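Down below is the structure, laid out as structure tokens.
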Amino acid sequence: MHKPLDPDFAARVRASFHNQPAMALIGAAMPVIEPGYTEIHLPYRAEITQQHGYIHGGVVGMIADSAAGYAANTLTSADTGVLTVEYKLNLLAPAEGQLLIAEGSVVRYGRTLIVTQAEVFAVKDGKKTLCALMQQTIMALHGKKEKSEVK
Amino acid sequence: MHKPLDPDFAARVRASFHNQPAMALIGAAMPVIEPGYTEIHLPYRAEITQQHGYIHGGVVGMIADSAAGYAANTLTSADTGVLTVEYKLNLLAPAEGQLLIAEGSVVRYGRTLIVTQAEVFAVKDGKKTLCALMQQTIMALHGKKEKSEVK
Amino acid sequence: MHKPLDPDFAARVRASFHNQPAMALIGAAMPVIEPGYTEIHLPYRAEITQQHGYIHGGVVGMIADSAAGYAANTLTSADTGVLTVEYKLNLLAPAEGQLLIAEGSVVRYGRTLIVTQAEVFAVKDGKKTLCALMQQTIMALHGKKEKSEVK
Amino acid sequence: MHKPLDPDFAARVRASFHNQPAMALIGAAMPVIEPGYTEIHLPYRAEITQQHGYIHGGVVGMIADSAAGYAANTLTSADTGVLTVEYKLNLLAPAEGQLLIAEGSVVRYGRTLIVTQAEVFAVKDGKKTLCALMQQTIMALHGKKEKSEVK
């Protein structure tokens, strides 16, 4: 459905993801990168839990935000950075299981603003349960202006 | 302004915070716990940054979510847990500096639902800049039902 | 997919909708009421526009909020009211055309909280364009407590 | 605190508001227009209520959205239009009383994006109660591009 402007979008997005120490800290990987869509996979580890042993809601938000932001980034030109303007996340069920999968996708692509969604699933004993739903606004920063603040 | 139901709210909230491995993983502390208000402080570390060296937006969301959730928890009875129903976060400026401070506060306290806000500031060379703003809905789980999912 | 608790959900929801003077004021109708799903149709009228002749964004929000809230209400028991806790709406394109259609649906049904979504489409010369996307939290008020505030 | 770029911001915003038929339809007025701040006042009328006699939540959203959007517009140059990108609204209490007051204010002004907030109060028998809280993202459309869609 979405046509990427940059034929090398997957390599570019993968490189950017691997450049984020915070994603390495929590143990997240990005095994799926398609036009307008990415998946972040996060295996359970005790270090990322909250007081009841579930994966921390803030960590759920981190991978939802990143998966959807990178989904937007797959569609931009090679010299365009992306910035999260805002997002809204509903937590629907505890993030309980062996693996979290955040599926980010582009809802509407615009030159300046890109609207995205993410669903986060918890995989427990082979069963996939929707545990979070996010709606997000991304800003495209043309000409490698990735470091700029929202202006 | 807010009157806590539990005189030992500060010790209770501090213990819960220290029970979250994810907060230790990123290096967060909670030095301020008042009725209807908490602060999470997060010093800069390379491990929590994104590709441009700023603290990761997802980490900013984590401490905003937690500070406001615990602000709600200061006002509940001792046997009542809290759960994040949802939040909406605007990122206003890069999280750049030596320290982040997330200030969570209760806007409206209800028996079942508690509405909160958080502001996250980046402290750089002594200057405090607002870098994120969050609005959040918290659910109170009476009778230690902290482990339950949203029902 | 969703099973309604009340066999007469459609008549009940229709009656409630017709009891809202604000929906009559803007000229909205609810021709589709299914389990976990409703549609509000709103024909163009000059009275509901903004300064450029499009239907007002606030009116778009009104029908998104109502369609999704009533989608939740289709699944509750007959003596349970619903209340909008909060919603987040992205406006994606101008509401331009002869008709708006708000499609509200339930994402997750819980006893106390129900998470919903709405899409609003503008129909212009036979073409349907997505113009708004909403994510919402609804509270169920058991025992006809529809008049109560959020507590 | 905020310095308007356009010395005639108040007259410009007032004219735009009076150009919105939807605001006239519900009976809204904008008696206060300051730099980075506006108020919309909405007297009770049976036509704008829901089934329990309170002012409809969708109408509360309309005036919150508009008050904050116009607060952003007070700070732009004369030839710059504004567009609501998205907003998130928590309904805190029923909109019950003789008058609603929506107070919109700018949190962060940027060249492209402006982040705002709104509080809506219900005035009943002389008592002012907070009934809604909104956080919003506004886009500035430079060069009178008010009619454009989000791009």
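The chains carry the letters A, B, C and D, assigned in the order they are written, with residues numbered from 1 in each.
Definition applied: contacts are C-beta pairs under 8 Å (C-beta built on N, C-alpha and C of every residue); 3 or more make two chains touch, one makes a residue touch a chain.
This structure is a prediction, so every number in the text was calculated from the model and none was measured.
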item: Pair with more cross-chain C-beta pairs in contact, given A-D and C-D; value: C-D
item: Chain located farthest away, centre of chain B as origin (C-alpha); value: C
item: Between chain A and chain D, centroid-to-centroid distance (C-alpha), Å; value: 32
item: Between chain C and chain D, centroid-to-centroid distance (C-alpha), Å; value: 22
item: Interface hub residues of chain C, defined as touching at least two other chains; value: 85-86, 88, 90, 92-93, 108, 137, 149-150
item: In the complex with chain B, residue positions of chain C that touch it; value: 85-86, 88, 108, 110-113, 137, 139, 149-151
item: Residue ranges of chain D in contact with chain C within the complex; value: 16, 19-26, 46-52, 55-59, 61-63, 65-66, 83-94, 146-147, 149-150
item: Partner chain A, residues of chain C touching it in the complex; value: 88, 90, 92-93, 107-108, 115, 117, 130, 133, 135, 137
